[in-house]
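Have a look at these structures, which come just after this line.
The same chain A turns up in both complexes below, where it pairs with chain B and then with chain C.
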Partner chain A sequence: MSEMAGRISGRFPRLIRRADPAVVTAFGCILLLLLLGSLYSSNFLSLDYLLQQLKVASFLGVIAAGMMLVILLGHIDLSIPWVMTAGAMMACAAAGFGAVGAALAIPFGVLCGVAFGLVNGVGVAYLRIPSMIVTLATNVVAQGLMVVYTGGFSPQDSAPPAVRWLATGFVVPGLPNAVLVWLAVSGAMVFLLGRTSLGRTIYGIGNSERAAYLSGVSTRRVVMIAFAVCGGLAAFGGILLAGYSSKAAQAMGDAYLLPSIAAVVLGGTSILGGRGSYLGTVAGVILITLLQSILSVMQMPEAGRQIIYGVVIVAMLLFYGRAPASR
Partner chain B sequence: MKDWRYRLADQRGTLIALALFLLMFTIYIANHPAGLTANVAQTAANKGVLLAFIAMAQALVVITAGIDLSVGMIFLLTNCLASWIVVGAPVPTALGVAGVLIAGMVCGAINGLLVIYGRLQPIVATIATGAVYFGIALLLRPFPGGSVNEDLADVFTGKLFGVVPSSLVALAAVVLLVWLPFRRSEIGRAAYAAGSSESAAFMSGVPIRRGKFAAYTLAGLLAAVGGLFLTFFTYTGEAAYASGNGYTLWSIAAVVLGGVSLYGGKGSAVGAIFGAFAARTTGDMLFVFDVDPLWQPLLQGIVLMLAVSIGAFGLLRVRNRLEWFG
Partner chain C sequence: MDVAPIFRMEGISKRYGGVRALENAALTVAPGRIHAILGENGAGKSTLIKVMAGVVAPDEGRMTLEGREVKFASPSAANEAGIVCIFQELSLIPELTVADNIVISNPPKRFGMIDRKQQRRIAEDALARAGAEDIHPLALVKDLPLSRRQMVEIAKALARKPRILILDEATSALTAADVSKIFAVLKRLRSEGLALLYISHRMNEIAELADECTVFRNGRNVATYAAGTKSDTEVVELMIGREYSHIFPPKPPRIPVDRPPVLECRNLSWADRLNDISLTVDAGEVVGLGGLDGQGQRELLLAFFGVLRGLSGEVLIDGKPIRISSPAAARDKKIGMALIPEDRKTEGLMLPMTVRENLSFAALDLLARGGVINRGAEEGLIDEMIRLLAIRTAGLDIPVGTLSGGNQQKVVIAKWLMRHPRIILLNDPTRGIDVGTKQEMYQLLRRLADAGAAIVFYSTDYDELIGCCDRVLVLYEGAVKCELAGDDLTERALIASALDIDDRDVALRARMGA
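Coming up: the complex of A and B.
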């Protein structure tokens, strides 16, 4: 009995000691936001509201998961907005081809995202072009393709029922499917980053690609795969978002690029790569979604929302995201 | 190697950008129904200088191995501010212009402080400040509107002596008054040194903090000049998120086309200007070749993709594979 108690008490401090301060702070900030929100209205602590927020957060969560892989490598993906849109539009388009099309809608959309991700990956890994500029170019190309495809207007075809069900339906009563999808993606990410050699290699490359290469890792292939996964997840996030709003629209991805980067960084992942935990990214996603939601519930005009949003990110980064003093 | 060959190698990026621009502009003019008239040159210049100013701003920061993702938002903010205060009699107008430029410098200085003394990564810090600047722009102009001293605007968007586009003259003046003194000063060299190797520069006693701070502040100033010109062209202020974002992204593209290394320490703002002109001419070329406007973004993207892929030829010269990981 006493031995058991000793083991537990011995375990807890280690858990706390091992916890990333950034992750703890991010979760602390979430609680603080909820507390501040509940002072404004008691609805903020209701289960309905919290589930609704998780549902909205799941789109950003899926996208941020992919972004995190790329940031862990020390790169960045600026092609999120139009890869998302392309994925959503292609999934909606595929659904137009009868029963087979409807069944393949989601895989087809994700595949389109993977294709754009592969272009990014080849550019970054094999052609050694800075990721910022390759992904920027891919974004413009994806935008161009979608503009040509839609003829300059929003497409008429709306999200197929399967996609809507995935985003808004319920398998488990009370728990939206989008949250389940996010949970599944999160489980896969935790497994990938912690338990597979691919995941450990990603951390290694983020720390020193040179060292990883000299240890026999085919670093270029790993970088390419990471970008492809990021593209696929971005497209998948776009598809979920299309299911939520029941159609794919041209500018739907614009509002997701900066929050996805901010969520990863607020979660304690170093933008230089090699350091960060997936739990932190989850915290960052929830934090950003809550912040946006509370500001809009308080009927803050868009201008004030942007200002507070920016100031909060800067303040939190100054609090725990600073680079070490080098000298 | 002789002295001049080093100097030539130093300017290679700028010269390639100039050649690229001249090639594209020649094709454009050769296919333009009116040929190279003063009016065609004026329109092309007015379209080009906006991105050129933003690209110069971006180049200053990129030279220090940083990046400024808020330039487009500073551009919008100063545009909205100018649509309020650059009005009326000559004296208030002049004060207004000064106010707009100072506002831009303050925005740039805030970025610099956060990056240098706050030790934040430039990418995320400027994303966040960009949101703040956009919010302020939206506060100033929730709806497009406002006005500007139209006499002043017409002077800067018209033609000098009926031939030379005055916006180009203004761009040249900014290069002479802001860029060249910066490049030749100790501070400017410190900015280059900080971008090239921060620790080596620090060990050699180079004032890297002052150099970087000056680069960020001047970037704000140049973005404000761009915002001022946008107001001169449109006579209004508008806080359009997509437009600000677009300018930020295209400024990075222009900087890369202009031979400025994203890893810092290499290139010049003059190269970025030609990069910006080249990027703008792509759009114009599609117009003279009568391409369906729907295809314009796609073709622009493909041109951009090809242009940045050219840098990959450098890989063929690599003897030691470890140089891949620079």
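Coming up: the complex of A and C.
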């Protein structure tokens, strides 16, 4: 492989030369899906359809970005569904408090997500609880809190205009704002992972927490930060979704747990941590969104859709998601 | 030896990467005898018994059991052939009962279920044979003290009906009373016709127990003799041998300074692994830690580096007491400590990550402003380190795991030198690397010391300790056994104190520099 890379290196720019085979495969699968779809209906190749898909994908994209940080550490965050919901509900509720509330709606919702993420992070990093357990518990607690909150009195649950604008409006004609938001989050992720010491440390911990610790890195703090960012991004994704469907609803996040994990892993990030590029996660998000869309356009009954969806994800992971670590 | 041998191995070789652990080794085992195996750290004893027990497959050579050639694909295949090994580390499951543990690999069954009565009977028999009738078969292993667990371990081995029983440092955790009990058991087993292989660093045990001894050195068996025909001094000389010698940089004469030592510890203890250790290291000094492997050297370095919890005693930096709570605190500018860990593959490096990422990993806080890495500064420091240590790599963006062992070790050292540490702790840094790189490392150590660093250097290679260190502290069972410096620092003295031999002759001759 290295000799192939050597031969290519003369002709292609650095970005492509360093491309992960998994990322290339994921983009290949996207093209394949689009081609298969276009056999069914030519609409699948229209610009409108593709932009619409990117818009839908951006909610998942924002959430998967956070998930990727956690998976790179070798952990997992199962609290996505209700942290999303909590973020969305809190943002909508804040908007009920006049002009100030409306202005602070989004930051407040994101902050709630960060708070849940911090609980996860403290549990994993300082209390040494396995991430699978602590995030599952956080998920249930968040659910309980939201049920109590919506059951006791009747808060505002419709998304404020600012949120709706962020999810469905257009700053650049033709390009939905949600896609711009996703682009911004992606830019920040690329910078974080590639240029900052936090990003390096995250990869380092994922590869060998022992070595990172013995290098004098505050591994626990980094793990906590990653979970907090993941919680914040999950909440932000929930807020966008609320803006898209114009209200926050219970169970709105249930459909996002498996896809957010699958998108990261399909994009070539090792589920054991330490390896993976953000570009791959973007590819994974698009791939999953397209798959869902094509299955629903084909008017497959719900049950069949879910079966196919699950089987395809497992098959894809078998295909290339489990590349052995280099040692 | 008038009995026909039961087991014979010939021409056994085993390499790990570039390092040869066994080279054309041979061993003959006879029934009804206790055969002791001696050798320095890394002489090949452990590899030899792992080959015998089916844990490791040899690269070359043949083994015969009662005249028939055998090959063991796994430890259970060796067990079936009647070779059972009791390893240094305990293999019991603490949450299960003694009886469960004893029959764990092959429990008696009735209708597909474990037959508890039968299991208990087997366990009682085995415990009785091991001379440990006082252990209740239904007691939980975790409730037993360490020495009792070791008895259970022996019972477990006996329950497999071995014809050859290997004990690898099986007594290292035992008290004197338990040892004598086990010796009685071993002698009875010998009279029952078992072949016993006994590996121990305790010379007095070997003298009491063994019928014959084989000495290993550099992966070869160098001598086999009937027990009692050689003096301790002769045995030590056999173990040392003289195969290759290193070239070491000259040691500058020590000038006493009136500054407080850079690193000092007083009465340092931790669990039962470190026992009241006091030492000082001055700037510009290389202090060696000697002794057999696993006598607390590793723990001592980790204790300095802030990794161990629950230390008692004091650590002083520049004469001021300080508590180092984590590696992050230890590497801080105020202390300026660096640790080259024991296992570079899991503790020193992230193998799949690039050379660049590994080199700058420990210095990211110095290279980043506001959390963003300054790539120019990073590049500059990396270039400097690559030149300083002459690291041979095909580029900065290839995984560090593709480099040779010696170059990987250089990367580990370089990543710490980037911080310009004042105190450098090295945990056996030359293990498994080539001779050329070793030479470079000796030169580097001396250069760093001359530049004012305080260096603590643990090595399993006695030559190295003698050649590199100004002083060597020999550790034995977590305590400083003795301190050797100047002309007293000889291989004989090192080995004698490492083995805790009370042999004046050895010590005397060492002092005379004979």
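As a working rule, the second predicted complex is superposed on the first by the 302 of 327 C-alpha atoms of A that agree within 3 Å, B and C clash if a C-alpha of one lies under 4 Å from a C-alpha of the other, contacts with A are read in each partner's own complex, and residues count from 1 in each chain.
One rule holds in what follows: a residue touches a chain if its C-beta (ideal position, glycine included) is under 8 Å from a C-beta of that chain, and two chains touch if they have at least 3 such contacts.
Note that the structure is predicted; figures quoted are calculated from it, not measured.
After superposition on chain A, the partners chain B and chain C are seen to clash. When the two structures are aligned on the shared chain, A:Y213 is found in touch with chain B and with chain C. Of the two partner chains placed by superposition, only chain C is touched by A:G274; chain B is not.
Once chain A of one complex is fitted onto chain A of the other, the partner contacts of A:G204 are limited to chain C, with no touch recorded for chain B. Of the two partner chains placed by superposition, only chain B is touched by A:G123; chain C is not.
Look at A:G151: by the touch rule set out above, it reaches chain B but stays clear of chain C. When the shared chain is aligned, no partner comes close enough to touch A:G232: not chain B, not chain C. In the superposition on chain A, A:G37 makes contact with neither chain B nor chain C.
By the document's definition of touching, of the two partners only chain B reaches A:T138; chain C does not.
Comparing chain C and chain B on the residues of chain A they touch gives the larger count to B.
Overlap of the chain B and chain C interfaces on chain A comprises residues 210, 213-214, 325-327. Taken in their complex, chain A has these residues touching chain B: 76, 78, 123, 127-130, 132-134, 136-145, 147-148, 151-152, 209-210, 213-214, 219, 251, 254, 258, 261-262, 265, 271-272, 301-311, 313-314, 317-318, 321-327. Taken together, the chain B residues at the contact with chain A in this complex read 67, 114, 118-121, 123-125, 127-136, 138-139, 142, 199, 202, 241-242, 245, 249, 252-253, 256, 262-263, 293-302, 304-305, 308-309, 311-312, 315, 321-322, 324-326. Interface residues of chain C facing chain A in the complex, by the touch rule stated above, are 305, 307, 326-328, 330-331, 339, 341, 345-353, 357, 360-362, 364-365, 367-368, 371-373, 375, 397-399, 401, 415. By the touch criterion given at the top, residues 2, 18, 195-198, 200-201, 203-204, 207-208, 210-218, 274-275, 325-327 of chain A touch chain C in their complex.
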